[in-house]
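Two complexes come next, and they have one chain in common, chain A, joined by chain B in the first and chain C in the second.
Showing the complex of A and B:
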């Protein structure tokens, strides 16, 4: 029931988002018909194309046309390549998702491990080093880190390719680079939430049962930071999808981030519209999924929902 | 935020040169103490120093730059760093150092501008929606939701796509992206500030809304907003430079760090120095504002984690070493379930170790209950934790004497043996059952864990034993309860569950730390009757820490009265209560039945004088300042009274014999 409610609440947001994207991109300077027709076309030819694209219709119709493009790949066509936007996007999406999911997974593993170490070794040099590294990780511009990685591993050491997406080896550097920020964020989150529960009686209860310190931390202390961790993971995943705009430029990977950047610099407005819409769609879905997982994890919230 | 001193003065006076100021607030003397608080942290000091460094570079760029940042030279392209060109030259032969210095103006300017845009739009929006509520609030929050449906940089990209790539548009774009964060935070802190009684007070006195917001709300939320500004500055800078990197920010030939990094991309194989310096300046400036933000947060955000004192580990190891040596000295094993000898326990404080248990020797035989009574702060709970081997690690340790549980001397055990000891021989019941159960695990999980640890029971056996345990502690429908979570039980039930868990492995010793003080009176009796029942069946030794003399009289066999970390009187309950010899016990007993019963108090009645400050105990007898018997006699100030047999019990008073006279 709650799931349905939550879904129902996401729909208006998606509607407003689509409206915004439609209207927003409409403001982009440059005449799409002229771009599609090419610079050599006559004014009449441009008018014909304009008509065919439905650009002369009133706003509401054009919005419907735009929404129709979601379901009919022939309506939405890239102005530059002439191929359906849906094809352009679906060809590139896997690359983007591989990097985002890989980066998140690596970041979560690294972050959680260092976070636990930090919390258990408060005030020692290990703690200091990790704290400095996490602050550095949060402050690091990913494009610079990417360039440094390319220089070190691709140019200097020659271990890995610098650009492209042909084999798994091409994904190693991008995943390493994008994992930095979630790793740093998770490390701080895990440390903070562990320190918060560290003095709680139920940890002592667990210890008094004869559990090892590792069991106490993993089963009892960490379990409570899981809820916060899930929502941070959701935010980070979304941020990484957005970050693909930059990562894919740095590492020359054909993904949707790169697609969007190219589209913006070439005023390829259908591609801009639909790829932004897709980002927003992903965001809304991620938020939804995060909420649902949180609900599933936290028994107290589950009961509140039932009571409602 | 400080809520303790509401209307005195605005909270925010500390600013770094380049930080955006909070909106105008009533003038007040500068609060240097807050600047000092920031500087006292290494984070704050380094952060502020770096921020000032960048501010100086940006302000004095024309004088610092060694060359014209725009001057091209085709005979000197892509040169490595040298004495003339400190950071080398770029693909057009321009001096990289001068471009970076000049670029500081653009990059930091974008950061400041972006944060300002976000602040100026977001904060009033947030304050307004908290203040007015209703439709405005609803609309604002919906708009924020929608904005948060786009990834930051994608949103900024879209804005730039519409407006065109230029420095001003980037400022606007990255500013707009941060509006939701400011609006949400401003709304949340305003809401909590508005709920404060003093604000409700001034509203009901007829203060104008504008005045209330300017005078009370803004000063209170300024600290948080300043913190947020600093942290957002870092992320704004990174997003803006990201746009520059993509070629959608500041346009060439104008220098900006992100744009410079983007240009350097083509030369990363051959001339890595181009990317090095611009990136370094960018990363360090983001780091600077993050550091400063963190420092600000620890000053302004009450929920920020506090830094723990360093060196705790080293001191603790030292303390453990002492305990080890001491225990070697009197290693005679004890047959009693619990025995402590001259036990000292110390907490690590800012000023060094502080002993809160100062030489306690006690012994509990199987099947008997020893109650330890005393005021809060007397060290009784610490004593219990020391016996339970549950002293907070790194913050407290046994600093002298020994603890023996079930014939094993605790200090001599390694980690694994301590675990075995906890599992097999010790059961602990804490004061607050609600916090002693893990809120996110089912009761079945938690009881099962106590049974499973160190045993090889099958899941079915664990289940049936868990059910039997719950039945033992009189919980009905045990099968159904196993799948339930702690918050679904009442306080008394939770305490029963804790007891069930404590009994899971048939311990020889049950340690109960004020097990009933969070419960109401009838439940209290049930729980203690249950404990006594369990004790009779299993022959456990019980250590009951409490401040309720009534409970001691009804449920304990022996009693030890604790004062300032020592036992001042001990013996059989009946004897001690019939004829107390120590003036402290005497005043406890005398004030207990009448006063407490009349007022319906369950806690220890107040006795005259200040409770002892464990860090500043007087010489001689610790009870001397409150004692009616001492009467200024010099012996009390000269010598610490030792426990000695007086009558049927032992008492630590030089003049114990004067009782009853």
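Showing the complex of A and C:
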């Protein structure tokens, strides 16, 4: 029931996003047909392109056409390549997902590990070093970090290729680069929530049952930080999809982010519109999944939902 | 029909094809060349591609009736004989017999005509259709003869037919393949597209059915698309690629310092200028002369462009039909004289207010150039303001009719293969790309005369006079022609780049 409610609530969100995305074509400075035709084109040539883009039709009709494109891939075609936008997106989506999921996974593992270390070794030099690194990781722009990674691992050390997406080796640097921020965020989060519960009685109870310190931390103390961690992970995953625009440009990876940037610079409106709509859809799904996991993890919330 | 043709180019053509076949003792294709490009071509369909990276592939994968050499001279490719009818309204081309597309379809006169009629079809919406509007239609009269029925006489038809836009596409394959044709075009050139991963890379391999004079020299050419300058340069530094295009000014030194590569700087026909809107103070030739004298072009080319430019010596850039192009002495840098001219024109210092529209990231260091120009205008007492805008706004301003413009000038680059196309669109009274409001009855008359004559001496005279008038009246603040910069590994030989930024791999060899 809860899931259905949430899904129903997502529909208006998507509807509003679709309206905004559709409407923004009219807000962009300049005439899309003119941008596509280039400055040397004559007015007649621009008119032909405008006609082909359907820009001469009234607004509501264009919106229906746009929505229709969601159900019929042959309607929604790229102005540049003439191929269905769905094909363009589905060819590139895997690259974006590999980097986002890989980056998030690596970030969670690194962040949790360092977070536990910091909590256990609070105040020691290890804690200080990790804290400085995590601060750096949170503040460092991914663009700059990416170029530094290329310089160090590709140009200087020669271990990994600098750009492209031909083999798994090409994905190592981008995943490493995007993992930095979630790793840093998780590290801080895990440390803070562990420190909060470390002195609590229920951990002593666990210890008194004869559990090892590792079991106490992993099974009992860490569980407390999971709820917060899941919502942070959701936000981070969303941010990574958005950040793919930058990551994929720096590392020359053909993903959704690059598709969007290229489409913007080539004024390929259908590609821009449907990609943004897809990003919005992803955000809605991620939020839903995050909520579901939280619900599953935290019995108190489950009761709240039932009570409603 | 060939009997009645005026065969004015045939002897030259025979001489050329002889010299080409003399070099035709080719070794087997060898080596995989890797090239990093900055722009994703997205489509190789010559009727929709507008990027040099796409032209490069079209030139390798498709064949034209004619093609351009590295100096943009016209050479025959599929054409064997050609000429105009006496009234100049029919242009007949005989093509080489028994040619095939890479899928085995015959490349006969009917296929050639179909390819051109697709380019000319308004329903198809080819982006350069307007450029070819002087051709009414193409008709195949037998297996090897194509007649171009002219809508209006055009003495520059060879140039039109040698552009990669006019390469021959297989319309039958387009029908069956649909949009996929744009990434895997079926042509008759020395290579074919083996794979295309959108936005990342594409691979060309030799076309086994190729019968022309420029057979493949490489086992494969891999193109990698890397838009970010820093990452693209890193590929050259790590030796992952042999050629990298669009080396930014700040990276030239780094690439040159590598033991295995160096930067080449071939000229580009891109002519960069401030195109003035001719009204208010800018109607006064003295003011325009003052603005032109106020700029230290050489200083900007060295200081801002890092040497990637050549100071203008005429409106049209090098490689734009050099046989018709005229060049002049560079405009001197003389701010003292510029100030005098402003005073002579009757203006107080600071009285003239001018706004310039500048794009971001369209031309080499365009923003910095605009800021420097603004400062130098101010130094002669012209109150100039640089309005730096995004590409969409800039395209729109540059396409606005002069009467509706609210600014006084825009930074624009022009590069088209033909002198007729460039000058007609910019300087004919009232045509749509003429956004400066330039109007001179003499120029209008000469432009029409130049287009309809097929006599090269007459063309030279006519276009010479037009260029004189434009250089003298200064409807633009002339700046420079951009230079290209590409990093090329020492293991690559025979690599060249045309002034229109199309890469030429005809003679490329890899020694490793």
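By our rule, the second predicted complex is superposed on the first by the 281 of 308 C-alpha atoms of A that agree within 3 Å, B and C clash if a C-alpha of one lies under 4 Å from a C-alpha of the other, contacts with A are read in each partner's own complex, and residues count from 1 in each chain.
FYI, a residue touches a chain if its C-beta (ideal position, glycine included) is under 8 Å from a C-beta of that chain, and two chains touch if they have at least 3 such contacts.
Quantities reported herein were computed from a predicted structural model and do not represent experimental measurements.
When the shared chain is aligned, chain C comes close enough to touch A:251, but chain B does not.
In the superposed model, A:165 makes contact with chain C only, not with chain B.
By the touch criterion stated above, A:151 is placed in contact with chain B and with chain C alike. Counted by residues of chain A touched, the larger count belongs to B, out of chain B and chain C. In the overlay built on the shared chain, the residue A:58 is in contact with neither chain B nor chain C. Once the two complexes are overlaid on the shared chain, A:262 sits against chain C while remaining clear of chain B. Chain A uses residues 28-29, 147, 150-151, 155, 162, 249-250, 261, 265, 267 to touch chain B in one structure and chain C in the other.
Partner chain B is touched in their complex by these residues of chain A: 13-14, 16-17, 20-21, 24-25, 27-29, 122-124, 135-136, 138-144, 147-148, 150-151, 155, 162, 191-192, 195-196, 199-202, 204-213, 219-220, 223-224, 226, 238-239, 241-243, 245-246, 249-250, 260-261, 264-265, 267, 272, 276, 279-280, 283-284, 287, 297-300, 303. By the touch rule above, chain A contacts chain C in their complex via residues 28-31, 34-46, 48-49, 52, 77, 80-84, 88, 91-92, 146-147, 150-151, 154-155, 158, 161-166, 249-255, 258-259, 261-262, 265-267.
Taken together, the chain B residues at the contact with chain A in this complex read 142, 145-146, 148-154, 157-158, 160-162, 164, 234, 238, 241-242, 245-248, 258, 261-262, 264-265, 268-269, 272, 275, 278-279, 282-284, 286-287, 290-291, 294, 305, 308-313, 388, 390, 392, 394, 415, 419-420, 422-424, 426-428, 430-432, 435-442, 446, 449-450, 453-454, 485, 487-488, 498, 501-502, 504-505. Against chain A, the residues of chain C that register as touching in their complex are 36, 40, 42-43, 45, 48, 50, 122, 125, 127, 129-130, 178-180, 182-183, 197-201, 224-228, 230-232, 234-235, 237-238, 240, 389-396, 398-399, 412, 414, 416, 425, 431-433.
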